[in-house]
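Look for chain A in each of the two complexes below; its partner is chain B in the first and chain C in the second.
And then the complex of A and B:
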């Protein structure tokens, strides 16, 4: 089921809040995980269950502090058939949720995936200043559609995002390519999604050509920008020496790992005693080269993370936002994961059915490496 | 070159000093390193005295010794003596590949009271001496290999070999001559055998053949005594018209689910009188007769079928498809027809499995230019066997399919698909040279004025009596034409064959009444599917892979699975029978034990770290790892685990480790270079 949904009082965010209120009141959902403003006025997430308290919810907020798939992994690790939680999330967050489902870290049965178009977000840090005191900032942001592709203030991950519309959802709420002051685009892909639209006044129609074109145009511009960035990255990073230099500022704080939505281990291998060495071993290594960088094994940490994450990385770039020494992780992971996923004809978070590339085998893969 | 490894420790620490090598170990290890010369294999390239000197300075090494052949009795004795006299608690033997003598040296250590898993092999032959020309480089490399092995051996923990009980029953999959032979050998030794065959009766392709090369004895005559014996053997449980649905468990303790296909005939009530076969009006393609005649909906493959009971092909049966007819039920004197029959599942528990899934001939319609399918008088070798067979559709008279005329000229085409990389079958099908010679001879026996021409690439006769048989064919006036056939087509009632005569260097056009293609032997597609299901290795062409091409030719890399017959590669009847008996011998050798031992170097899970993502489960080729969905923890079935390490590599957090291959040890080993 798909069609347009009328927007009241030029307030698309308010209209979405209205949907939330209806779902909670009618007990179709027991709670909704949605973007919200923190007490100090920046981006956070909230789990809203009381329809009276929806004022805090900011479903169209253009800022992102965490990839909420991490939150979903925390709350939906075990299946609980009684709860029914709506996840109102952006494309990269839903893609990460899908990967986590495949990795058995998120149980799908108590969740309804509600996607929303996301043209790009600002970093949570500093967003207070971007927004100022403008109470209608979210709605204004979704109106400025022409500025989406070239906004250099967006998070680096967003500037390279090819999927402003979610790929897997029960229900999606869209506005790209429409006049969000007048109407929103809603699309139910599953029975769960259809159930949410029951009784909602949707003017059923085919997807407007303008929307398709706007999404394609945004995607194409982003791809072109990404290609340019990867070209620059290659100059800065290709080759063992340059690669080491690229990571030479790393503090070994492991923030990038901690915020990564698909980095799901309970205990990181790099925190295990495998890397605990006594002083004599450190000295032995140092003796060999004369000088070794400390903290040690930072490059190995990043290479291992790339190796472990490349097939599931959703390229959200939240790792770069959290890096205290601003290592260009977003572009790097974009390049690495894109290459790896292309090699396996896989797109992370595209489908729940597609098996994880490393768990399956096609007889035709990598023919060029071996005998053809 | 300075020795880094002794810079920190300086002199050799006394045996009871606190270790600086591994702070988790309270006692410094006492390692003995034994360097084997392997005649001149190693000593001719690696400078042994220098290697001993350098290794002697490495931390933890308390004794170094060398010997010309460490694997010899005195060599092993030297190691045993040194373990006792030098109070060694770790041993490294620097010698050939561990696949050759690891067991030898581990046993030697065990005999001297040292846990065998505290003995490691440093491969300085295959990985060093044989591949390095420069003596100094080779010596340095050997030194590095020993140093790396030393790093591992100090991390090694003593392990105890696992033992599992054996269920002394065998499953044989496929009842062609390979499966029959293996089943009879095992059953005659006194063990129960479950013999599963997908067709309604046993015998496989051998039951289709007319006479066999090079002796020209009748295939049926030599086969039927075996099929009859199999059918009535008290130790053989024969399950025909059945397929393997699933196999779980591990060597010695497999659980097999067999799907018994609906036969629509009650085998107990049926007497095999054949009244139903006479009257059935339903018609279908006959697999057994290679499409030469239409078969009936209720059928048995041959008059000597074991078991001699018909089954109904549900797709061809008029009653089962349209609800009318029911003739067979009316004429059956014992009321054995069961139209409401369904597939049944039977569970069997066995300790060993022999895979004898056999071959099929390549679908020659895929060789477009050879006209198969378009020209009715182009048939494959098995179809020609049916024409020659006394129990075949023509009762042994050679008549061509199109008009039933006796062909006066037959062209036999060899390597139809085989030895051709463009068809994806670059291998030699092995049996075609001989069976084509046989078919040509038999044709000339039947049709005295018949002319047989054989187009060949090479004639290969490597077998007892084979060359003499080939000579007999050429002496009999059969024309051999060396060259590949490019095109076969119909002209009037003739079949035209374009070929090149590479000896005369010209193109030739042959006119024939009939053409017989020696199509390539391919692995039976059902066997390939089964191998995939069982996760046992197959090669690029679908043939099952043996554990070692020379020394373990009937075992697979999955413990408890054995191979016999053409499922492993093309072969003739004597070879098939020999291999089947070999597989049976392997099963019997296993059944001679009371318990099976299993290497303890298996994977293990740290449950504190495991989050149950299932990467390990999905990468395990042996079904040894399962994630408990409720607890979200992986668990390893050590009896199934072959210790390949794939799961430990796949596990991102390191929750999955491999006994005596800990990641810490591997990282430290890598660090040595």
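And then the complex of A and C:
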């Protein structure tokens, strides 16, 4: 079921809040995870269960502090038939949720995936200043769609995002390519999604050509931008010499790993005792080259993380936002993960059915590997 | 580096290549002593971190020996190692690092000759290539 939804009072965000209220009141959802304003006026997330308390919800807020798939992994680790939580999330967040479901870190049965178009977000830090005192900022942002493709103030991950519309969802709420002061686009892909639209006044129709074109155009412009950025990146990063330099400021804080939505181990073995050395071992290693960098093995950490996570990386770029020494991780991971996923004809978060590349195999593939 | 001798760290599957190496030894086949063997229970058990650590700390090459496709003692470990190798090569390539310092080869317990030949070939390859760029690099 798909079609347009009338927007009241030129307030698309208010219309979405109206849907939330309805779903909570009619007990179709027991709670909704949605973007919300923090007390200081920047981006956070809220789990809203009382329809009277929806004022905090800011479903169209163009700012992102965490990839909320991390939150989903925290709340939906076990299946629970009694709860029914709607996840009102952006494309990269839902793609990460899909990866986590396949990694058995998120149990799908109590979740309803409600996607929303996302043309890009600002970093949560500093968003207060971007927004200023404009209470209607979020609606304005979706209204002024022309700037989406070239907004250089967006998070780097967003500037390279080619999936402004979620790939896997039960229900999607869209506004790209429409006049969001008048209407929103809703699309139910599953029975769970259809159940949410029951009784909602939807003008059923095919996806407007203008919307399709706007999405394709945004995606194409982003891809071209990404290609340019990867060219620049290669100049700064390719080869052992430059690569070591690229990561040479790393503090070993592991923020990039901690905020990564798909890096799922409960305890990373880089945080475990596996690689701990005592002082005499450190000296022994140092003697080999005469001098070792401290903190040690930071490049090993990054290279290993790439080998472990690149097939599931959703390229959200939240790692770069969290890096205290501003290492350009978003573009790097975009390149490395794109290539890695292409090798297995896989796209992270594209489908729940596609098996994870490292959990499956075919006998008759990659026949040259191991032979020459 | 006139006196350069490549150092190779070898991860040999207990059920095939390790026995193949044993056979090469008991059959008194000659091959260069450049590889340090580490016995593992399956080529599928070798995480990329061990390959990377060896390379970053100055090994000139890493060798992995597993059972021929279809012969894995644990049914599918070598197929998984093969996929992991594809991923490893892709990551190395994306970063502009040489992936031909890491070799994966299928060598059965009966293939002592193949084992000796492969190690000879790899040693010669690395001799021609020269030392690993990470050997003297302290910043990694």
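Just so it is clear, the second predicted complex is superposed on the first by the 361 of 372 C-alpha atoms of A that agree within 3 Å, B and C clash if a C-alpha of one lies under 4 Å from a C-alpha of the other, contacts with A are read in each partner's own complex, and residues count from 1 in each chain.
We take it that contacts are C-beta pairs under 8 Å (C-beta built on N, C-alpha and C of every residue); 3 or more make two chains touch, one makes a residue touch a chain.
All values derive from a computational prediction rather than experimental measurement.
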item: Chain A as common anchor, with chain B and chain C clashing or fitting; value: clash
item: First, second, both or neither for A:356, with chain B first and chain C second; value: first
item: Partner chain(s) touched by A:52 [first = chain B, second = chain C, both, neither]; value: neither
item: Contacts of A:8 with chain B and chain C, given as first, second, both or neither; value: neither
item: Touching partner for A:105 - first (chain B), second (chain C), both, neither; value: first
item: Which of chain B and chain C A:268 touches, first, second, both or neither; value: first
item: Partner chain in contact with A:308 - chain B first, chain C second, else both or neither; value: both
item: Touching partner for A:206 - first (chain B), second (chain C), both, neither; value: neither
item: Chain C versus chain B, contacts on chain A by residue; value: C
item: First (chain B), second (chain C), both or neither touched by A:285; value: both
item: Selected from 6-14, 96-104 or 402-410: the stretch of chain B that, after superposition, runs into chain C; value: 96-104
item: Chain B/chain C common contact set on chain A; value: 269, 285, 288, 308, 358
item: Residues on chain A engaged by chain C in the complex (per definition of touch); value: 234, 237-245, 248, 269, 285, 288-293, 297-300, 303-304, 306-308, 310-311, 335-336, 339-340, 343-344, 357-358, 361, 363, 365-366, 369-371
item: Interfacial residue positions of chain A with respect to chain B in the complex; value: 77, 103-105, 264-269, 272-275, 278, 280-281, 283-285, 287-288, 308, 355-356, 358-360
item: Residue ranges of chain B touching chain A (in the complex, touch as defined); value: 4, 7-8, 20, 23, 608-615, 618-619, 627, 629, 632, 650, 652-655, 662-664, 667-668, 671
item: Residues of chain C that touch chain A when the two form their complex; value: 47-49, 52-53, 56-58, 66, 69-70, 76, 78-80, 82-91, 93-97, 104-106, 133-140
